[in-house]
Amino acid sequence: MTMRAAVAGASGYAGGELLRLLLGHPEVEIGTLTGNMNAGQLLGSLQPHLTPLADRELAATTTDALAGHDVVFLALPHGQSAAVAEELGPDVLVVDCGADFRLQNAAAWETYYGSPHAGTWPYGLPELPGCRPELRKATRIAVPGCYPTAASLALFPAYAERLAEPEAVVVAASGTSGAGKAPKPHLLGSEVMGSMSPYGVGGSHRHTPEMAQNLGAAAGEPVSVSFTPTLAPMPRGILATCSAKARPGVTAEDVRAAYEKAFADEPFARLLPEGQWPNTAAVYGSNAAHIQVALDDSARRIVAISAIDNLTKGTAGGAVQSMNIALGLPEELGLSTIGVAP
Amino acid sequence: MTMRAAVAGASGYAGGELLRLLLGHPEVEIGTLTGNMNAGQLLGSLQPHLTPLADRELAATTTDALAGHDVVFLALPHGQSAAVAEELGPDVLVVDCGADFRLQNAAAWETYYGSPHAGTWPYGLPELPGCRPELRKATRIAVPGCYPTAASLALFPAYAERLAEPEAVVVAASGTSGAGKAPKPHLLGSEVMGSMSPYGVGGSHRHTPEMAQNLGAAAGEPVSVSFTPTLAPMPRGILATCSAKARPGVTAEDVRAAYEKAFADEPFARLLPEGQWPNTAAVYGSNAAHIQVALDDSARRIVAISAIDNLTKGTAGGAVQSMNIALGLPEELGLSTIGVAP
Amino acid sequence: MTMRAAVAGASGYAGGELLRLLLGHPEVEIGTLTGNMNAGQLLGSLQPHLTPLADRELAATTTDALAGHDVVFLALPHGQSAAVAEELGPDVLVVDCGADFRLQNAAAWETYYGSPHAGTWPYGLPELPGCRPELRKATRIAVPGCYPTAASLALFPAYAERLAEPEAVVVAASGTSGAGKAPKPHLLGSEVMGSMSPYGVGGSHRHTPEMAQNLGAAAGEPVSVSFTPTLAPMPRGILATCSAKARPGVTAEDVRAAYEKAFADEPFARLLPEGQWPNTAAVYGSNAAHIQVALDDSARRIVAISAIDNLTKGTAGGAVQSMNIALGLPEELGLSTIGVAP
Amino acid sequence: MTMRAAVAGASGYAGGELLRLLLGHPEVEIGTLTGNMNAGQLLGSLQPHLTPLADRELAATTTDALAGHDVVFLALPHGQSAAVAEELGPDVLVVDCGADFRLQNAAAWETYYGSPHAGTWPYGLPELPGCRPELRKATRIAVPGCYPTAASLALFPAYAERLAEPEAVVVAASGTSGAGKAPKPHLLGSEVMGSMSPYGVGGSHRHTPEMAQNLGAAAGEPVSVSFTPTLAPMPRGILATCSAKARPGVTAEDVRAAYEKAFADEPFARLLPEGQWPNTAAVYGSNAAHIQVALDDSARRIVAISAIDNLTKGTAGGAVQSMNIALGLPEELGLSTIGVAP
């Protein structure tokens, strides 16, 4: 039952990571690759690490080019997915790595993205309560943002078990690939090496409402999120340091129990043994999320930290994991929990 | 009025940075250099960047070796300063880069350091309210920890003006030099490059009570601090992302005004123009602290971020700045606000 | 025909990379893991990236522990392999990632390693002329050094076709994992980030005679090698910039033809299209070697550059590739030519 | 005798480094700053590390803007200096950090730069035999390229003493700031971190004829240079690994003596003690060049390695050093041999 998959946006970082994973997926055959800016070029010059696809030529992103596939992955700039998806038939599985269909709240979308809301698709974070059932037999999937993936995995167990007050603080450090491949001065190697730099401070980052949506759903009440992203001098990885005030009476044992329950049967989200904290190197290139939690009894805060690879579990790996579920394949197919370290 | 200065612990990172700065100080002559582990070795093989001192030989750290100087800088492992300082006369200015004399609360010391409290010296963070007067004519100075320097500068204005609730959250990323020069597996380049890793999570880091002490003094009431340090893949720099809930009614204008007031006349702590956020590269090798603040009105949190060089403003530069004050020299002498970038 | 494999030295970088690859090998089952310094510890605390093996306990490196396997990989410090190998029966395939059995010339061994020569095993660089036949049905394999792998792949075609004078110059930059996991001050992240540093200059590096052996065999005459290794601020990767004077009359077309011929049928060594130069990121975590060559007609030198991952193709991947040949398995089994980039 | 200095191209990396140094120069007052692309912007937003100049506005690069200064530094793209310099009077000292006036051979210029040769100015590498006299009272100075600075310092003593055959091999690793601040995809942090990549291989890099010019002048005969530059994952620094065949009969003592003689009285170029090799971290942000040499007796090659900061000694520091000589100031004024490390 080999599925034929197209990737729109194959010259970017998300597209490249999708191809890296799909090359190792036993039930997927790689079909058309598109990239508007680089149509006509060979992939070998744009993504030299994808050795087996070096001689593949990129097509323009058109309905014709994407037709005739079982799965179409969209790794396009925000706002372009809706038009492309509309042209694809209802039988095609469309997996959108962009933001267009992630938010349920149209007002929040318009506030943060400044354009009309295109709609809401099943949300591709299977570890969240309620997500897996919606993904089964889905033909449209919205892949979560990389930061919301990291922060939601770190905090949802505390909210699902009513252990935390509904005000979360998230400070996350991301590798630079999260900012994409379009060249901008502040993303130059000379600028980012040796430097930590915050951006989107004060609640303005577009991933803020997505985190609030996920944590609020887990909590059954609105959760406010204070989110500060920072750019770290590394190509990949997100370390999300998340905390919230513990509700009165909550103990360290309560916290541990909630997290053990949440991740007991998860193939990719792993609660580390007590005392061992996650780091991004351990999940480099893998679909694993490493998670640890502690109760700071003096400050009465639950501190939960997750490490993911922003391009793998945070984007392309999450996309493939959700695709597997939608297609009825084993959820782990073609994905690995083994990081490339050191 | 040239002062003769000794540096105990000249082979480590703090000692090396002290020498880098003192070499450029017009009123200081560099005297004895000690380093127990490396006594007898030439500095050129241990600190090859200090070209003008390449032929200096290290002595053992003894009272005799340190005698006959106007200023003695101690860059020793925690717990060793008290014994050395006792032997030095009351006329010698002793500047301790270690933790021994930073805390006022003996119980907090014993909880976090597990040894008897040696005492409290004037605290060398001149920008904090009340510190400069204590430093003038001081003969003993406790140099603050690097993280408390960054976090206190970021948050004290909010507390001094009663804008923030007394529960602070601090997540800070530090370059690896903050962990010192003693070789340990998790500090190997192979481990730290490409990785963000937290440590001392849940309130266990020893800099936590020092932050609480500084912020509490500014607030006039106890302030709890939830502190998470992380190791970032860079040699130097601290980016401290700090936040606290805004008190009811506090506006963005109130916040801006408090910070403008706090830093208006500071030679080293600089509030950036609105909209420009600090990054560690801009203060690399300099004694500047770059600070920015915003009110996240949706989450009702004041978010303040500071960037310093952990070895300069966070240790050796702060030490020299306080020395200048104690000796009655211009505070800026031998120090720079110019970073080495890119 | 699942083979049971033991790894001696599982806590180090070579051992960790072997396990990363063997976990994905369809015909290998991972048996005993040993690590003398860390015997009794769980692998999860030492190699947190190897998520599926987190609960495996390390044994001491004894004959008993290694008995009962089809394949034993030795990732031990130089000089320890011979004693271990002797105890293992002749039917066991022993793959030594150390240097002990790489050199044919006992005198060269003694000069460079200062101990008696243990012997010579079939050499595990299948791309070199004459190596594959010796590896088939071998029960002992000497895995090449990482630098000799990179330099030999870059230059052997020029020597095999008699295009180059027998004096080679090799300048190679390596990621720090090549220096191992034993903590030493000069390998600290603080020291290596932002720094390029040479070592073993002037012909003293132990990989020099191994390169001369490989190139001399290809040339059919002795080849002298001037080799300078440098440590680069990255965890993995070798970029080897190699050159030799072109023989009189040699043209760019001659050079291109020789390299096309040498790599036409190789599954892992890839000659890039003309004009595209290799970089280490493109082979990160993969078993591919990317190679390019040019004739500098003005200086009359053939300049050949190769990029490999020192831990994969340069150590553990090369080991698995040779194991596949020795066991009669498809050479590419369990190995990938896809890098993890960016 | 304070000199008023203008900097054309103040928003780029060379311009920023010039300003960093000039801010600390006791005889220079900083006048007009220009930057065509960023005219009208404040320097604080473009070069946030230059804290004291944060409120300076950039002008367009016009003759009027540059008039009225004693010294004008040009940090412009290649090919733009000649037109600007012509408009400045003969009494103004013009220091060109671009390539326009470096080469003596018009044919070589045209081959490598593809435009008419603008002329030749006194060459600003004071350590080279014959350069200092030409710089005294000069009113036009061509600052050398960064790679030629590193390679010429490493090899000229061997050629000046006739110890080496006239065929040099130079392999140099440079930090990314050498490639400038214009954003290009291959210079993104995501691409360069963790990667070594060669470029301009096979003799095509424009710094090749400049090296040949310098070494040929030292040797008194033409010297061919095989030059391979590589981009290293660090913001600053050049490590140049240079070698040439030793002439018959040359001994290690001959080599050492030549290098000791060459650098005995140099304030910035330092021959390290025997056995200690340079690294780029030790000269980070400093005007020092660290040099070491060895004779590889087996391969009969002289191997000389130099480390410089490409922006300091390799560009802006070299410019200030030559300015000092031209103005009759002490050569070391405003410059330091102290690196910022770790």
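Note that the chains take the letters A, B, C and D in the order they are written out, and that residue 1 is the start of every chain.
Following the convention adopted for this analysis, a contact is a pair of C-beta atoms (placed from the backbone, for glycine too) under 8 Å apart; a residue touches a chain by one contact, two chains touch by 3 or more.
If you're wondering where the values come from, they're calculated on a predicted model, not measured in any experiment.
Superposition of subunit A on subunit C using C-alpha atoms only gives a rotation of 180 degrees, nearest 5. The chain with its Cα centre farthest from the Cα centre of subunit D is A.
Averaged Cα coordinates give subunit A a centre that lies 37 Å from the centre of subunit B. The multi-chain contact residues of subunit C, meaning those touching 2 or more other chains, are 13, 175, 177, 181, 188, 190-191, 193-194, 233-236, 278-279, 281-282, 284, 342.
Chain contact summary for the complex, subunit C toward subunit B: residues 13, 175-177, 179, 181, 183-185, 187-194, 233-235. Every residue of subunit A that touches subunit B in the complex is listed here, in rising order: 167, 169, 171, 173, 175, 188, 190-191, 193-199, 201-203, 208, 224-226, 228, 230, 232-237, 239, 241, 243, 245, 277-282, 284, 292, 294-301, 303, 305, 307, 342.
On the side of subunit D, the complex with subunit B involves touching residues 13, 16, 20, 23-24, 44-45, 47-52, 177, 181, 193-194, 235-236, 270, 272-273, 276, 279, 281-286, 288, 290, 336-342.
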